[in-house]
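Next up, some structures in structure tokens.
Look at the two complexes coming up: chain A is in both, with chain B in one and chain C in the other.
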Partner chain A sequence: MKSSAKNYGFGLLLVLPAMAVFTLFIYYPFIQSLYYSFTEWDSIRDPKFIGFDNYIYFFQDSKMMQGAKNTIWMTLFGLLIQNPLALLLAVLLNRSFRTKAFLRTAFYLPVIVSLVVASVVWNSILQFDGVLNYILTHIGQEQAARDWLGNIRTVFPVIVLLTQWQALGYCAVIYLAGLQSIPADLYEASTIDGAGPFMKFRYITFPLLMPAVTVVVFITIVGGLRLFDLPYVLTNGGPGTASYTLTLAIYNAAFKEFTYGYATAAGVVLMIIIMIVTFAQLRLTRSREVEL
Partner chain B sequence: MRRIAARPDNRAGLLTELAMIVVALLFLYPVFYLFAASFKKPEDFYNPLKLPDSFYWGHYAKAFDKVDVWAGFLNTAFISCGALALTIGLTSMAGYAIGRRPQKTFQFILYFLLSGMVIPIQTNMIPLFQLGVDVHLIDTRTFLVLLYTAGTIPFATFLYAGFTKTIPRELEEAADIDGCGRFRTFWSIIFPLLLPATGTVIIINILSYWNDLFTPLLYLKDPDKMTLMPQILQFKANNQSVDYGPIFALSAMATLPLIVLFVFTQKYMIKGMVVGSMKG
Partner chain C sequence: MKRTLSLTAVLLVFAVMLAACGGSGSSGNGETQSASAESGTSTNAGSTGEKNEETAASGEPFVIRLGSWFIDDRQHMTDFKANVEKAFKEKYPNGTIQWDILLSATYMDKLKAELASETAPDVFFHQNTLGQYAEAGYLMDLSGEPWAGKLRPGSKIATHYKGKVYGASMALNAVGVWYNKKIFSDLGLSVPKTWAEFIDMAEKIKAGGITPIALGFKDLWTANLFLELVVQSIGYESSPTYGKDLYDGTKKLNGEEMQSAMRKFEDMTKREFFNKTALSLDWPQSAELFSSGKAAMIVQGPWMPGVAADNFAKYGFEAFEVGYMPIPTESGYYNLNISAGESLSINVNTKHQQAAKDLVSIIVSPEVLGPFSEGNGSIPALDGVEATYPTPALNEMLAAVNNGQTSPGYSSFIPVSAATVTQETVTKIVSGVNFNPNDLKEAQNKLEKDKGTVILPPE
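Right after this comes the complex of A and B.
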């Protein structure tokens, strides 16, 4: 064995390249961002320190607020509807259906399709002379046909539903992995003790599935916060500000209105929200681990 | 576990299965629509339910005519593979060191890296633009490789650090006694043993690199260097008339490699989704 000091040095040498790339492209720009978020800065003038003005304006900006509001709606939908549906889907996919392989593939395949391509396809299905309205008219529901993405009232609910095309399968995969990690003898023992299906779900499946639930809740929230491609390609936030998300509002503040300082401040706010969610998730996961 | 689940030989089970098949077909429909529409004759394109009765290749020809599809594929493949190779090279070393050394410094380094995962690209996008200009990498594929790598380093290092702990130390000690140099020990003995972790890193990142829109949208303007996703978007924007056929053809081509990959590695990809979900 060589001396541990040498080991230590060699270890540092191995870590160094990753640290260098990470620091240069993540932390160095991040520290700059913290400073720029306190400046007024556009494409013409140099950054000028203005204190908390960007952060104050953030809460008065109708686009950001609409984006935040949409994100909250999406999160609520994700928690109250998507989450239970994904769990149901996972429970069903866990059954020994004859067509199990086909069913699993069908629900997972959408996950690999890029959001840009998904937008192209859905746009074509949902446009005024698209498939959906065609079907609605042919089954005698003309009054239901509308410009789904051009209407202030329908546009964001439709985008939220579109996210489900990929989110349901993705979340079901995580639940399915959770379900399959529950030891079968627990169910056998409970059957002997006379537990019915509901009791089994309530006292075995659900508690042991909690880690998967936390992961799904976490990705639902963070995924909602980061949603950009769908509204960018489909509507660019429109009509009006109806389909803005936070990331889209930040992108437009930077590259449409060229208010760099303000966009950076909004980016910092986004990061703080993600940070809070992450810490909450870590604490939850840790406290559960102690319980088990 | 599965034995306990209800057997589908009763009527309720059969009905559930039928309902599931109907929903599954609805989920598959957009993928089918993507390919079907790319082969539809122009005169049928706006008849939404009409299926193509033969393969019409005109949209593909038009897509190749208007967009440098090969360049798009090569750029996307180069950037995806470059970022994967660099990530694997850097993080297998770092993760191995962190997983092996007992000192606090290495734990601290891991936490430092992991803390970067809460920073979304929107926070850094403007200083990154400046940085790209300063180091003369703006509008280059290399810049994207570096950005993707930097973003993947935390989680990949974490995976490798965890996996290193499952490899017995005796191997390194034996190699050490045989007079094998430390770098050689790592690359010729340890790295091959880390292969399962390497596979996971590839599977959980390839999709996000291939399908990414945001980063190339910001940092790649040159049409010769553009990747597939912004190419589709640009094509759609330039094509204000409503000629959707070629856009579908381009989208179908950009999706096909991923579908092939999915068909052959489905099991691993699904496992990768579960592992990858933890990175959020």
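Right after this comes the complex of A and C.
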């Protein structure tokens, strides 16, 4: 008993430095943020307590709602289109063919390209006198030419496609790693048992790939809910609020409009949404994971 | 056991260090804030400050920091730096100015963090934050300085708070339409006197195969300049206290004045008066479009003629004379917002109080501020400082200011969040979407929600 208490105390001592750092840099600022979310605060003058006003206004704010709508579209697109495409790509890249190494590198390349470089390049492709419209004009499709990032109808779909360009290779690599961890003898045994490609995928590949699915779906959901960088650099949410995402709306509320209290409240709401969604997702996907 | 003891000792030292860091930060901050808030204050030096004052006066070398975001490598800016350094060196041979320059909007965020952590420069430029910083107790009261009584009334919003002077202003600026006189002359056009004439003139420019107005709305602030220019005239024509009326609620941001301005943008968009790249160009690219002669007009601040001259030299464009005009309403009325430019304040916690005051006096002296205003195309914010502008366009701007009406910008009476909604509505319209009056409801909602953040301009 004595020894156990001693071990407990020693363990506590080991945890203390990490706890101190976390308290100082995570828990204390977090609790302070919760307080600020109930205030009107411009980050210069003293905050003024206003109760739940910020939280109530959040659901009436058309900018936040537009950002939330785009964020949901982004996340759904990631789940329903990007995720299966990444899996398909991984399955294809897992086969043996001559240009396998080149293609694997090519699909992963957008991940390592700097965001600033990528946005400058895409901007010059997509603007009104950019490369895309030049090509459209030269193939007789002049009527389709437009400012792709300056048009309220095209701007967000274009941004969604650009995120896929970046995320597809990344997710495919995770799936690829999962595929390569499945023992080949399982496939050999199933072949002897007469299983076809679909049966192999349904009963061997997919169940054993579930840990990778958990990771990719998690990354897709959280990435979708937190999308900020591309719309910020390319359009800053415009034209109007057409390419706002929730995180961009929160950023602008704080750093452009100086309503830090309100932005903090919106950040708390986003945190709760992410927690609920990812908790549900992890429960769902982890329950389907199998171990060898 | 020995190991356990050593480990415990290390952990204890670590914990004490963390506690010490936290303790010193909070107590220091609290004390300084309260002292400055109570006194105002130019006598907040404390023993360290006094010692440093002695250092500055005793001949020992010292460094004074000056923070800014706009002093770049343009000729008039490098001249400005050289003039300031020369005059300061004459006064303080043992003093050196350290220019803390960050050429980006992040300067404002950096400054805010530095002020909160008591590491801000001794003297610093800032914009649109004088009231907030003064209220928070970050600024030294400069009411007793000799130049304080010479500040022009239009600069009050950038210099005064609750009857006291907390900063000097470098400039008074007027936004307007800068136009290519060669294109106007070639097409036989004259400066329009009414909105109908403005539209007619732009139609003729378009018919001549030239884009009437260059926009660079990727930078949202340029949309704000254009919108303010249009609304300022419409609003103040409807009421001489339009800005205050918005604050008081007797006028609304979704009211007839703002709707009328939005319909004008809708009309101009439908008539294809803007470059098709309006939303993907930033401000320098739009200035380049204007300087190249591919667009006949651009809405900008008084720095535009200087930028055009730079572009002629830099890109080899054929030089042309730039002209200035305001945008009139249907009846021919116009009202210009003479906005105060940068504020120059002293950190209440500076260790070099007298040297900082002398540095500000040097900067706003006629010998330094005069040439700066000429190069920058701005109106000096102090009486007794004269500027002779190298380009006629700036004199045209001054004539327009003197001949028309000027009022405080309506946007200084509304929260930034509400102004942002109106700017975003403009970009939406310019993207080709029909104006929907419901879009402006959000602006009015923001005004009502964030009204408490507004510090009204001094009367």
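Going forward, the second predicted complex is superposed on the first by the 258 of 292 C-alpha atoms of A that agree within 3 Å, B and C clash if a C-alpha of one lies under 4 Å from a C-alpha of the other, contacts with A are read in each partner's own complex, and residues count from 1 in each chain.
Convention: contacts are C-beta pairs under 8 Å (C-beta built on N, C-alpha and C of every residue); 3 or more make two chains touch, one makes a residue touch a chain.
Computed from a predicted structure; not experimentally measured.
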| item | value |
| --- | --- |
| Partner chain in contact with A:33 - chain B first, chain C second, else both or neither | first |
| Partner chain in contact with A:128 - chain B first, chain C second, else both or neither | second |
| Partner chain(s) touched by A:24 [first = chain B, second = chain C, both, neither] | both |
| Touching partner for A:118 - first (chain B), second (chain C), both, neither | first |
| Touched partner set for A:72, first chain B, second chain C, both or neither | neither |
| First (chain B), second (chain C), both or neither touched by A:149 | second |
| More chain A residues in contact [chain B versus chain C] | B |
| Which superposed partner A:10 touches (first chain B, second chain C, both, neither) | both |
| Touching partner for A:80 - first (chain B), second (chain C), both, neither | neither |
| Touched partner set for A:42, first chain B, second chain C, both or neither | second |
| Intersection of chain A interface sets (partners chain B, chain C) | 10, 17, 21, 24, 129, 255 |
| Residue ranges of chain B touching chain A (in the complex, touch as defined) | 1-8, 13, 16-17, 20-21, 24-25, 27-28, 30-31, 33-34, 37, 46, 48-49, 86, 89-91, 93-94, 96-98, 100-101, 103, 105-106, 109, 112-113, 116-120, 122-128, 130-131, 146-147, 149-151, 153-154, 157, 173, 176, 182, 186, 207, 210-211, 213-214, 218, 229, 232-233, 236, 244, 247-248, 251, 254-255, 258-259, 261-262, 266, 269-271, 273-274, 277-278, 280 |
| Chain A to chain B touching residues, read off their complex | 1-2, 7-8, 10-12, 14-15, 17-19, 21-22, 24-30, 32-33, 36, 92, 94-99, 102-118, 120-122, 124-125, 129-131, 134-135, 165, 169-170, 173-174, 177, 179-180, 182-184, 187-188, 191, 215-216, 218-219, 222, 225-226, 228-229, 232-233, 247, 250-251, 254-255, 260, 263-264, 266-268, 270-271, 274-275, 278 |
| In the complex, chain C residues that touch chain A | 4, 7-8, 11, 14-15, 18, 22, 109, 112, 129, 132-133, 135-136, 217-218, 220, 276-281, 415-417, 420-421, 424-425, 427-428, 430-433, 439, 442, 445, 449-450, 452-453 |
| Residues of chain A that touch chain C when the two form their complex | 10, 13, 16-17, 20-21, 24, 40, 42-46, 48, 53, 57, 60-63, 123, 126-129, 147, 149-152, 235-242, 252-253, 255-259, 262 |
